[in-house]
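There are two complexes below, and they share chain A, which is joined by chain B in the first and by chain C in the second.
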Partner chain A sequence: MDFFIQLFTDPIGFYNSHELLIAQIGVNAILAISLFVTFYSGQLTLANAGFMAVGAYTTVIMSLYLPLPLPIDILAGSLLAAAVGFLVGLPVLRLRGIFLAIATIGFVEALRLGVILNLPITGEGQGLKNPTADPLGGIVPIVISLPLIAYLVWRLTHSKLGHAWAAIREDELAASSNGINVALYKMIAFVIGALLAGYAGALETHINFFVDPTEYSVTRAIQILTFAVAGGTTNVVGPIVGAFFLTSLPEIIRQASAYRDVVNGVILILVIIFRPQGIVAGGGLAIHRPRWWPESWRFRGRPASVN
Partner chain B sequence: MTQQLLNAIFIGSIYALFAVGYTLVFGVLDVLNLAHSAVFMLGAVITYSLVALHGTPFILAALVAVLACGLLGLLIEFVALRPLRRRNAPPISALISTIGLALIFVAVVEQATPGTLFSWLWQDGANSVRFPVGAVPNPTYHIGGLTLEGTKLGILATSIVLMLVLGFVIRYTQVGRALRAVAENRRAATLLGIEVDRIFASTLFVSSALGGLAGLLFGLALSDISPYIGRDQVELKGLAVIVLGGMGSIPGAVVGGYLLGLIEVLAFVRFGSNVEAGVAFAALFLMLVIRPQGLFGARLKERL
Partner chain C sequence: MGALLQLTEVRRHFGGVQAVDGVSLQIDAGSIFGLIGPNGAGKTTLVNLVTGYIPTQSGSIRLGDDGATVELGRRRPDVIARLGVARTFQTLRLYRNLSAFDNVLAGMHARRPQDTLQQIAPLPAFQHEPRARLARASALLERVGLKPDEHGPRRAGTLAYGDQRRLEVARALAIEPRLLILDEPAAGMNPVEKDRVRDLIQQLNADGLTILLIDHDMRLVMGVCNRIAVLNFGRKIADGSPATISSDPEVITAYLGRQADKSGARVPGAQAATVTTAARPSVVAAGAPGGPNRMLEVRDLEVAYGAIRAVREVSFGIDEGEIVALIGANGAGKTTILNTLSGILRPLSGSARFLGVDLAATSPDRIVRQGLVQVPEGREVLARLTVRENLELGAWVRRDRQAVHREIEALNQRFPILGRRRDLPAGQLSGGEQQILAIARGLLARPKLLLLDEPSLGLAPQMVDAVFDVIRQIHDEGTTILLVEQNALRALEVADRAYVVETGRILLTGSGAELRQNPAVQKAYLGG
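Moving on to the complex of A and B:
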């Protein structure tokens, strides 16, 4: 409880005492947004952890071997992640639903176990030390980029592009018969997602002194999915709230932090059963009433209509 | 090399046994049950705790563990799947709720140390343990330069017999026909008087019992029992297996299991252990891109 009291009564003190937590929340929020973009267009991909790895490793390797300013390294990392996203998207985006999710899981693990652990330049299984890491300085770009990215993505979802994505998500066949180039718009969402994930990966290397290959496994990808789903995927605020809530959970419940994964799992199940649209979404505070729940235990508001 | 091939067959039968349960749920319920790997882990953990902490004979412990895993399957059905099915939620929702259950199962075992709530189940936290020496009878035979361990032969026999029994049940019995009918068309099956919910519950029971059995055999064969064996060793490889064989196809899962065992051993012999780890996922990725229906898959609703 102290956590929230300090957050609302003493924001500056909160910022100073939780800098690393805030940076991690920021990175996770950007990652959750990167998943949200593809989710918004109806694609469930778990490839974000892989794109993150591309961004992170590119940035650190460039700052190790090339005398360039850091922003250029980060930019290069993000762009390379987007390029990899394009190449992966070409074959993979023909798949749908669960098959797409599985194929992207295959991509993430093949990249990590097959490529990263076998190349000398990535330090193989040892990971890489980041000489330019600056945990305190690294927070500033994160805190600045998160609202910027959120705003841009919010604008995107309300543009012609966003409407096309929503149309594809609701009914692909109907969208394509209305003249929407489904393959193109799916690819755009996938590449933007890859770009954002690569950017988040690059930013994260700057607050850690170390790039650790185990960070970029499917476990991470599932964590990102958790942020987005728990927060809600109907608008861009949802993933941010999800990332904030779940990342700071161990801080909020200090005494139970050993059982963090139990709490995470319980939250996930409760959200998907009782509030499928996520914490932040339409329907106000409405809660879905499962059929086995006695009708006499009334909930406030009407059941949400979203799924 | 022949010894390596034998190992491929042993590990392949464990993959196959695990994947059969995985693919059974996918074929009947159209849901990817990501808690299956946690049940796999609990199969090994429960057997270990009965043998090492409570002094039960191995065979009895194994039976109890398989039964317990079947009951966990019912838990998955009632907590994570049925409420979503009632609402006609998209299949992705079930993916997420089963991830939630898997997180809980793994965390409970991982946090169990002496003196905690679950110390009757597990006392080694995140560490890896093996069955105490002598707890499991293991006669060893030497035939023409090959070492054949009794446990591994038992594993091979158990998995082949069980897969044959399952195949027989699905093909020739009334329950099997009902199961195939539900897999084919849920609504039509309901109209024909099949109790769909009961079929789903028994599918989850059988699938999880097989998963738990695969887990305890894995712990036996590889002498590695920890909260992470499901998540790290078979969860994603099991996905690779059912994709190779064709999602929802049981013969496909069996063939895919042995195929993956073989591919891994060949990659290990040829390129070393680092490449071995990644080869399953490269195979998975390529298979989905080139032939998404897998080797044996027939029907695919969500392909193109």
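Moving on to the complex of A and C:
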């Protein structure tokens, strides 16, 4: 509770005492947005942890070997992630739903086990030291980027692009009957998602002194999905709220930090059962009453069911 | 006026099935063209070929007036849409979770300038375009009879069924098409709604739009179309004005089926004038409680799919030892009735009792154990399993392995077609052989009442004979049968009694022989 009291009564003190947490929330929020973009076009992808790794390693390797300003390294990392996204998208975007998810898991693991652990320049299994990291300075680009990215993605969902994505998500066949080039628009969403994930990965390296290959496994991919699903995927605010809530949870409940993944799992299950549309979505604060939930256990004073 | 769409020798087969077999037709600019044919005739496949969902295998599809024509075959669906071919879908395909407005806006995609940068920088100077677009979306909603203020902001999935159909038309119009293809726009609608669909089609045509209409409601098709083509087994069997089509003997045969060759083809009503002159259809009080051997009793059954009321106030009964047929055109609700009896669907209201068991409250597997077994439409044999394995699955609910084994042997003897192929994958059997396999599989569940759904669907005439021989044989051995058929004449030949179903209701009933002579049966199929 102290956590929230300080957040609202003493924001500056909160910022100073939780800088690393805020930076991590920001990175996770950008990752959640990157997943949201592909999700908005109806694609369930878990590849974003892999794109994140591409962005992270590229940025650190460039800053280790090339005398270029950091923003260029970050940009290069993001663009390379987008390019990898395009190449991965060529074969896998023919798949839908759970099959796409499985194929993208395959990509994440192949990248980590096949490429990162075998390329000497990535430090193989040892990871990479990043002496140029600047945890406190690294927060600034994150705090600036997040609202900017959120705004851009929000506007994108209202553009011709966004309407085409929504149509594809709802019904691909009908979308093509409306003259929408389904393959093209799915690819655009996938590449934007890869770009944002790569950018988040690049930013994250700047707040850690060490790039650890185990960070970019399927576990991370599912964590990103959890942020978006728990927060809600009807608009861009949902993933941000989900990332904020789940990242700060160990701070809110100190006792829970050791069981972080367990608590995250329980929260995800509760959200799916009682609030299937996610925390941020239409329907006010209505709680969904599952069919098996006895009528008499109704939540007092609240509508029993949305739908 | 020139042709807007010209199909020449278009072909498409799926495996061994010729779905569209050398169809040529011409749709004149400014006309309403009807495409009809029995279930499985290839109508929707033809639409999918024209709109690019399925590539053609040969033949050409050309769009355009005299001078500039463009080949549509083998183009992507979105490219064809942008060339000006819009369509609606037989099963509604709205963006259910988007508002009605957004559905129309998505439909405008192809005619909308790229505005992503404008959206990112929403400066006042850029606001003109979106406002014009919203006004156009409102106008489109109004054009199909929806109120932009009332219906526009609502999620498409929450609109009434008829409104959803209309919204789909508005979305198709948003692309500013030259040709609008309506795939069963009136399916599942009540007569009042159908009249509104007819008005809408005529109004759109009056505004200069060329329309290709596919529907099973003959009154609608005959009423609005300038020209009609009839498909059967993938071939065009007739093409002409509504009047010539409705009296074409080949068309009547395609819809009502053919009697067994021995009795010669006869058309219901052809002799009715002399036999039962002006006699009212003998309407027996449907569902009157039968004698002590009544097996199935259905009362006031109502079944709905969401907002679509597929079955309305249906009552009927079957006595032990009968063959009863439900006949009627495609989409009348026959299969829905069967699926409700076998517990796959649940009724909205009304009751269905089978030997004292309430079918509305019993799970499908229990219903099978009680002896009510359905042989589904389209056969549904498991293509990769062998004939024997398919049969063994039919006895899944039984524990007496020995007896099952004996019965499978007996079935192999009885249906040599199956016996000879017992180790072949069922997918390699012909359609008729698969149908016999499906029936044999049903028999292994030891039915007291066997429900047969369209056993002659898509079969060649001699295979139809074989299947009906099997049906008669099973009945002679003591199984009660409820038969659902589009092939009305064949069904009436074997049935003791029959019920004619039209748009979810039982229209008339009588003995098989009576109905064969009754002109109202033909009306139920072909309108009039």
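The definition used in the following text is that the second predicted complex is superposed on the first by the 295 of 307 C-alpha atoms of A that agree within 3 Å, B and C clash if a C-alpha of one lies under 4 Å from a C-alpha of the other, contacts with A are read in each partner's own complex, and residues count from 1 in each chain.
As a convention for this text, a residue touches a chain if its C-beta (ideal position, glycine included) is under 8 Å from a C-beta of that chain, and two chains touch if they have at least 3 such contacts.
If you're wondering where the values come from, they're calculated on a predicted model, not measured in any experiment.
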Comparison of chain B and chain C by chain A residues contacted: B
Would you sort A:A174 into first (chain B), second (chain C), both or neither based on which partner it touches? second
Let me test your reading of the model: by the given contact rule, A:I222 touches which partner, first (chain B), second (chain C), both or neither? first
Counting only touches as set out at the top, which of chain B and chain C does A:R155 meet: first, second, both, neither? second
Thinking of the overlay built on chain A, is A:V182 touched by chain B (first), by chain C (second), by both, or by neither? second
Indicate the residue numbers of chain A shared between its chain B interface and its chain C interface, in ascending order. none
Would you tell me which residues of chain B are touching chain A in their complex? 32, 79-80, 83-84, 86-93, 95-97, 99-104, 106-108, 110-111, 231, 236, 239-240, 243, 247, 274-275, 277-282, 284-285, 288-289, 292, 300, 302-304
So in the complex, the part of chain A that touches chain C is made up of which residues? 152, 155-156, 158-164, 166-167, 170-171, 173-182
Quick one: which bits of chain A touch chain B in the complex? Just the residue numbers, please. 44, 91-92, 94-99, 101-103, 105-110, 112-115, 117-118, 124-125, 218-219, 222, 225-226, 229, 258-262, 264-269, 272-273, 276, 288, 290-292, 307
Going by the contact rule set out above, which residues of chain C touch chain A in the complex? 51-53, 76-79, 81-82, 86-87, 89, 93-98, 102, 105-107, 109-110, 112-116, 118-120, 122, 171-172, 174-175
